[in-house]
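Lettered A, B, C, D, E and F in written order, each chain numbered from 1.
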């Protein structure tokens, strides 16, 4: 069950409101790298967690934190929209700076939300929940979470560079810090479970006779003219310790040429396909 | 530039067509765990790759392989739809097995595609390209790729369990094998770049003074009644070697209670908000 | 800032797991009538609330409650998926009941989530955040909220009818009760603000000279052959007390026939359009 | 059955074409507050209307009017795009006003539609029909309609403020007027049906024993530190006349801590989850 | 401006309601081959029509007819849902036919719409307006329309085969007939404009010096092992009369190997990419 | 099976990077008129092709070419983003040109992709695979393909006009040329199959007794006040040679007034609807 405190998890101040930066910040709320995504992803992973219940707790606790991130970012968007233009005046139409602001800001910040945050990204595209990755496989889910936090920290760093506002920089430095921790805590789960080698291949419960092992350890160079990029993936022991990496170049197809034959009458095809 | 061979990368045969399994297989084509996603994800990562060009090559070569996976899966769907019911007959209406098939199969396999594969998942929801994760940050992208291949192998293993058809099991065992390799090759890139510790935190180019380091290494227990789940993430050296993990329990808010004040006249609010 | 308790807001038990009912319950999680929607809608309205701050508090408190509803519904879905078929066996293929279950359940409950809840509706369509209605106008938002809770209680009542499971009926009776309260609390806000008459027309800050008042109070019968449906909307004082309702039948167009003329050269039109 | 007149329902003129305003107007066509939405919502509600047939007629007549609104707004968009830049010239590249226009307008107005309206919102996001709310419950549907018309009038008022064009202001004043009427006509239906008290709780056909009445009339203060916002919703007779409002503060969870136990073998989990 | 008659364009009767067929029929309402699509496509093309105004009229008249098709199909869906199961009873749970119906029908026909039509396809995916193709180029638009009507007639024919209901077959035979006409009327526009040869290449206003004509008339065989499929496209005069068709086999790339160099500092890349 | 060459199909150079043009080019990658769409459309049509296998080959070969188009366009986007602003500096904030660029460019080119291409259109809306039209009917599919290539060439021509960059103009002239060929090759398939008359009506396998032929050849003038637009579609032999075109003006409805009666108890309706 959830509860709430009236204060924000972190302080938010904006020295000089910037409607364009409000648009950018939306990426951290409703983008695929944003906070709605991680809040909901950890929440749904927690609800589906099976096995040691401490991972469910871990997920739910951080889901709860991410909800608080949405909240202070939403406040930051609204503060950046303070004083934004809400009417077109003759004078403004000739001021290139005002024109650039009007052209550049998200029009729905004026037209739809009345100068506050929306659950959309920086293009105004609403977040959709298909991005909530929760598979029931703990290793996959932890990797999805590290990925999400990496994308999140990349985004927060880029946003940090896009503003000169001290308040915004301070808030973003907090987000950058929390993303640092969250990257590591999901990786720490994998370490606790015995490390990556023990988790691979994921899922590690797939019986070996369900796998065509002769195809499991070669890198396939599908290029006609480019040499194989040499690296850890082309030689040496496989990361799961089961085999050695090799390379297959200029591969021949192993299958047949597909042929579906004629169309059945009654399937809405043309005569030429049935005949 | 791309080229094509007429034969499939791997052989596809179906002993006993099963329209319901055709629906399930769609998840491996147009699901977020599916082949369109990885093909396009590696393709777009390759097109945006900066730094050592061998990673671009690696990405493009595997993108090309994934396109071939779409192709043989698409053929498998069509073969599973051979002989599917295309008309309702009085007799069928009373045969519970036929009814279950008609009720259970994707109606668009009859109505829209004429008994062949579509770029949709097992619910018939079309794949959308927002799931192509490509950030320009190689560590994030590699993690996104391991995640995708882990989800893919989980899915292929589940599909393997859902069929008794020898041909389908054989094809899926090939997919399971290739996903094994692909998981490892993306992790091997991280290993080549010096291992995870060196890559963390991601991005590792964010200047330290952009980060509120005092918030970077504590686990936040946001629960009111649950003890902190102890683990690698609550004590010991942080995974990036920069600090030690600690815990903050029952955290107090660090920010203010938000207050946006009154609405501006002319913003479409109610009088009660402006007044 | 958000916090969490380990226990659910309301108890959840399932006497006889039913994978088909798990699919139905998804509508209450990820449907437009569901809990993600109201949780996020109240959350975003709260973040954008201007005017008397008590409405912000009210919204945030109920947003928090709705998050708890997602949580117990998610648990209910998982419990209904206990024991669901995860492999196709020859015998099952001939058992019409098992076939009906396999055909009827959401395949992604097996293939994608590993027998747990997803943020999708009963068709497997992911929730998308465009359904988070938050306008910055308090009367509009309150009406949107009553609407959402009405749709929610309609749904919960229909779900109640679709199950014989005592545990599920008990849980749904709690949801039905809370939706009762939530319908009323949003209407009570309107009453507090002076009642509907005072709020109309919404927004009530639009200056009268922005409105073509001669078109504000007639019902337009656009039918060629049907008499005007008589009612409160065709006569008597208007609900905002500003005028009297009238009727316009078989209306004549008030505008011109549109004509965009020829296409400009260089706009990618055909010669016939430019010439 | 539908019919058409060649002339527009209302006259449209644009004194000074403005491609940026064309983008804004799209919100009134393809936004969730726009005319496609209400046209389709009333249309589908009409097709599903059960009970007194006069409500079906009412809905269909207004659906028909809304189609006419799409039409004149579409013409307004095209007129605002007259003369928009369709080629990049060296000179323009250095004119900040032209640059602001090019940067600010919807590029698809040039690239995709050839200077005419599209069924998208002001961010260029296509309208999707999930926003057509039609539940088969007349009270819910009427509330959804008042909500839609309130959002519509808020939007039209904001658009009115964003333009100085006399023709556009005139057209919008007509829209504002019709939204006034439509808000009231849907509320008038509720009044005709006996008023809100008689309609509550919605649906009013849910048997009382399907409802956990002990949870139906308290406001839940989920905040840890904020006092309950006092108001009509915390005391006095409930709006449906069935009970009295009360408050529950700092609520204790009523349910169990969820525990799904271990994962079943064969579900694609990791060994650590199954073991 | 639009008007309405109370009666349907065509009579609708259902002898034996079939909830599964109701689901199928949704494809003809909200599918990409359905009536909402063509109604809106012709409507938006009409609103953007430039050149001879008779094409605008033609488009608007048929748009209006398609709205009437939505209407009678919507009624057909509702009639097919008459008597559909709305509660789960112990007995039903053991009746495989009832189970197959419950598993096969769209659950939202029970849960969301209350036994009536929705603007979704047969998978329950809502129609989205990105499928309204309107380019401002009359030849492209006419081809898009023939395509839509061809897909529509394919669908109607498939639906005809999926029912034994005489009323439904009669209604569908009307749809099949109207699609016949609509296919031809859009092709007739092209014939009137001088036929396909004169319209090609589309757009026919593109200046020839904007086109690399040396690449305009060869078929590119991108296969490594398959001979060129010979046909009208490999030899003879081009269809626009400007050139002769030829073939290029096993093509060599004409471009460079792409190389984006290192990542710029400050773009959120990893050190390895910048260094 | 697919293969790859390291070089691009066509050379790409950008003389003067232009982040705004990078945004426009996205329409040619991820727009409905773009290359992902045709690549995937031909690919899925090929996988479902029944009848003479040479059409499968033709489709697959051109699908492969379109993948190469995505590749060089993706490179063009990245080159146009070279040097784009990635940080906000005080000075820039006062330079209207820089402001216009920042306001006009896709913010996700900075925030999400790190200055490279994304699978989105020029509004930043991700491509979704519902636009892959593949029906199993060869005539419908060929028409869909001509339509797609016509939209593609319209788009490429418009893009050509929007840039002054010689490298970009050269690349676009290649795209314009290939779209010329592709338009014709799909039309040539129809010619090979006997021409349009023989293919009509589509599908030409629908038995004549499935069609209400008395409704197949009249143009329906649904306007109340506009004369029938005369043309090839109002008189003369029908294009399939089966009949003569006629006109029906001011049509009377052929169906009944719909009436669904009262709502069933237990369906979540209001008392007023059931009573």
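Simple rule for what comes next: contacts are C-beta pairs under 8 Å (C-beta built on N, C-alpha and C of every residue); 3 or more make two chains touch, one makes a residue touch a chain.
By chain, UniProt protein names: A, B, C, D, E, F = Putative manganese catalase.
As the structure is a computational prediction, the values presented were derived from the model and not from experiment.
Listed by label, the chains touching chain C and chain E alike are A, B, D, F. Taken together, chain A and chain F share the touching chains B, C, D, E. Residue contact pairs shared with A-B exceed half only for one pair among C-E, C-D or A-F, and that pair is C-D. Centroid distances built from C-alpha atoms place D farthest away from chain B. In this structure chain D contacts its sequence twin chain F using mostly different residue numbers, the overlap staying below half.
If you average the Cα atoms of chain C and of chain F, the two centres end up 32 Å apart.
The mean-CA centres of chain A and chain C are about 26 angstrom from one another, to the nearest whole unit. Taken residue by residue, chain E touches two or more other chains at 1-9, 32-33, 47-48, 50, 57, 60-61, 64-65, 68, 71, 75, 78, 86-87, 96, 99-100, 103-104, 112, 114-116, 120, 123-126, 128, 130, 135-137, 139, 154-155, 157-158, 161, 202-203, 205-206, 222-224, 226, 251, 253, 255, 258, 260, 263, 266-269, whereas all remaining positions touch fewer.
Shown here, the protein chains touch in all possible pairs. Those residues of chain A whose C-beta lies close enough to touch chain E in the complex are 154-155, 157-158, 161, 224, 266-268. Contact residues of chain E toward chain F in the complex are 3, 5-12, 32-33, 54-55, 57-58, 60-62, 64-65, 68, 71-72, 75, 78, 86-87, 114-116, 125, 128, 130-131, 133, 135-137, 139-140, 143-144, 146-147, 150-151, 153-154, 157, 160, 169-170, 172-174, 176-181, 183-185, 187-189, 191-192, 196, 200-203, 205-206, 210-224, 226, 229-233, 238-240, 245, 251, 253-258, 260, 263-264, 266-269. Here chain B touches chain F in the complex through residues 1-9, 30, 36, 40, 43-44, 47-48, 50, 57, 60-61, 63-65, 67-68, 70-71, 74-75, 78, 112-120, 126-130, 132, 134-137, going by the rule given at the top. Across the complex, chain D is touched by residues 1-7, 47-53, 56, 86-90, 93-94, 96, 99-100, 102-104, 106-108, 110-112, 114, 120, 123-126, 135-139, 193-194, 199, 202-206 of chain A. The touching residues of chain E, when paired with chain B in their complex, are 20-21, 23-24, 27, 31-33, 96-97, 99-101, 103-105, 121-125, 154-155, 158-159, 161-164, 222-226, 251, 253, 255, 258-263, 265-275.
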